[in-house]
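Beneath this line is the structure, given in structure tokens, with notes to follow.
Which chain is which? They are A, B, C and D, in the order written, and residues in each are numbered from 1.
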Amino acid sequence: MNSKNALLSASAIVEVPFQDCDPMQVVWHGNYARYLEEGRRALLKKIDYDYLEMQASGYVWPIVDMRLKYIESATFSQTIRIDAYLKEYESRMKIDYVISDATSTNVLTKAYTIQVAVDLQTKEMQFETPNVFRKRLMQCLEE
Amino acid sequence: MNSKNALLSASAIVEVPFQDCDPMQVVWHGNYARYLEEGRRALLKKIDYDYLEMQASGYVWPIVDMRLKYIESATFSQTIRIDAYLKEYESRMKIDYVISDATSTNVLTKAYTIQVAVDLQTKEMQFETPNVFRKRLMQCLEE
Amino acid sequence: MNSKNALLSASAIVEVPFQDCDPMQVVWHGNYARYLEEGRRALLKKIDYDYLEMQASGYVWPIVDMRLKYIESATFSQTIRIDAYLKEYESRMKIDYVISDATSTNVLTKAYTIQVAVDLQTKEMQFETPNVFRKRLMQCLEE
Amino acid sequence: MNSKNALLSASAIVEVPFQDCDPMQVVWHGNYARYLEEGRRALLKKIDYDYLEMQASGYVWPIVDMRLKYIESATFSQTIRIDAYLKEYESRMKIDYVISDATSTNVLTKAYTIQVAVDLQTKEMQFETPNVFRKRLMQCLEE
């Protein structure tokens, strides 16, 4: 769950909405998955391979593993920054995340998600990343 | 938004989860749509016409109008009861809801939703309720 | 639920997140309350009277009535615009909303919310808008 | 993330709601945190130490670590069972979870959460579990 040796990174900014916060006045721990989704969206957009592109290419990429370590709580109205780092792509897609206060850069949460490609027709899990993803990633890295 | 002249009714019980509550220590107003969904699910189950049955019958029933009047706040851990009343079905499905404290029966929220049938193939909105729904409702009312 | 005779307006932009969409491939109707919250936040920020300011001033403003009319469905990745219009403030705060496609300006949803001030100490509902809100609104309108 | 050597266990049943499912027709991965909450609630109720009791006793117990391994997807209307197992309590509270199909008992998801006690007055993290929790747990285990 760190930024070292990342192949690619992207970031998103979120202003914490009221309804994401719980009676303890902080973001409910389960809602951070929403913020990871924003970071992942920014990363996949860079590769030009968002969920709609994935489906069009014949694959879905379900999350098979997610871990979150909560260091400091985010609160209502706080502007947070989600940095997403592509760490693995050859057999599965592993993304590391760092969520921090957008102003102070204090780290609030660290996380990772692991996704695998599933063929939409055969429903079979792929043990190697489909060529479509490799190509787009290579194009993106060359630019 | 009342129980009078309902053709059919059903109810569901929900114990308010922590994450549905906001920093004001009450259920965030937008989360009541989740509770209406529970009441509607119980009602449609009675008619043997849940969302999966709807799709299998060739229709979806999007909500086109929803109104909620908030009288008293629900809080974490409170056991609430959602009563759903079928009020119209001939050209559209109108359901009224009363959410109350399961113990004291104090009314917390009143609401309604209006749904219309859309043909899955033609994507056209139906101005009369499809026969499949009428038949199931009649069967249910006869029993 | 329209923009006519609004005292003040503000807008917010949202790119529809994946998790707000349901198995029908459209935003689940209950999730639009999240988008209204973004429009309302932009409006209250203009008046310099967000939820934290409200609390500091001794009041909370629960929503007592909300209505949504769904015209067209929003879908994953669509960029939507939420326009919020302040329509009443003297005895209660009524806000009208128009949610539209940010590019085509096609209207997707119309809505309103009504909020009333509640004194944090006495827990009593206020039948006149507290002076703190009037003053901030007047300052904002003069600018 | 297993049931072995658990000090105490409890279970909850959830019928997967429509709005928890995403355009891939399965529960969005982030929504499983809602189901863990139901399992945890059942477990803490057994110890007579829910969130309200925690606060009354002078502590909050934020989640500092959460991991989920997704094996099979849950779908709309499926009845799932969440088993929660108390695995550690001396310096922190570690709970393991197994989410399975309530009928077939097929395992869908495995997870754990780690919580630590924070003193509400001093805001200090506790490195030993407060006596109030130990006492309630012991009472529960003796029964």
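The definition used in the following text is that a residue touches a chain if its C-beta (ideal position, glycine included) is under 8 Å from a C-beta of that chain, and two chains touch if they have at least 3 such contacts.
Bear in mind the structure is a predicted one, so any value in this text is a computation, not a measurement.
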Chain whose mean Cα position lies farthest from chain B: A
For chain A paired with chain C, centre-to-centre distance based on mean C-alpha positions, whole Å: 29
Length of the line joining the C-alpha centres of chain A and chain D, rounded to whole Å: 24
Computed distance of Cα centres, chain B from chain A, in Å: 35
Interface hub residues of chain A, defined as touching at least two other chains: 18-19, 23, 30-31, 33-34, 37, 51, 76
Topology of the chain contact graph, where touching chains are joined (line, ring, star, complete, other): complete
Residue ranges of chain A touching chain D (in the complex, touch as defined): 23-24, 26, 29-31, 33-34, 36-37, 51, 60, 62-71, 73
Chain B contact footprint on chain A (complex, rising order): 18-19, 21-23, 25, 28, 30-31, 76
Touching residues (chain side chain D, partner chain B) in the complex: 15, 17-19, 33-34, 37-38, 41, 50-52, 76-77
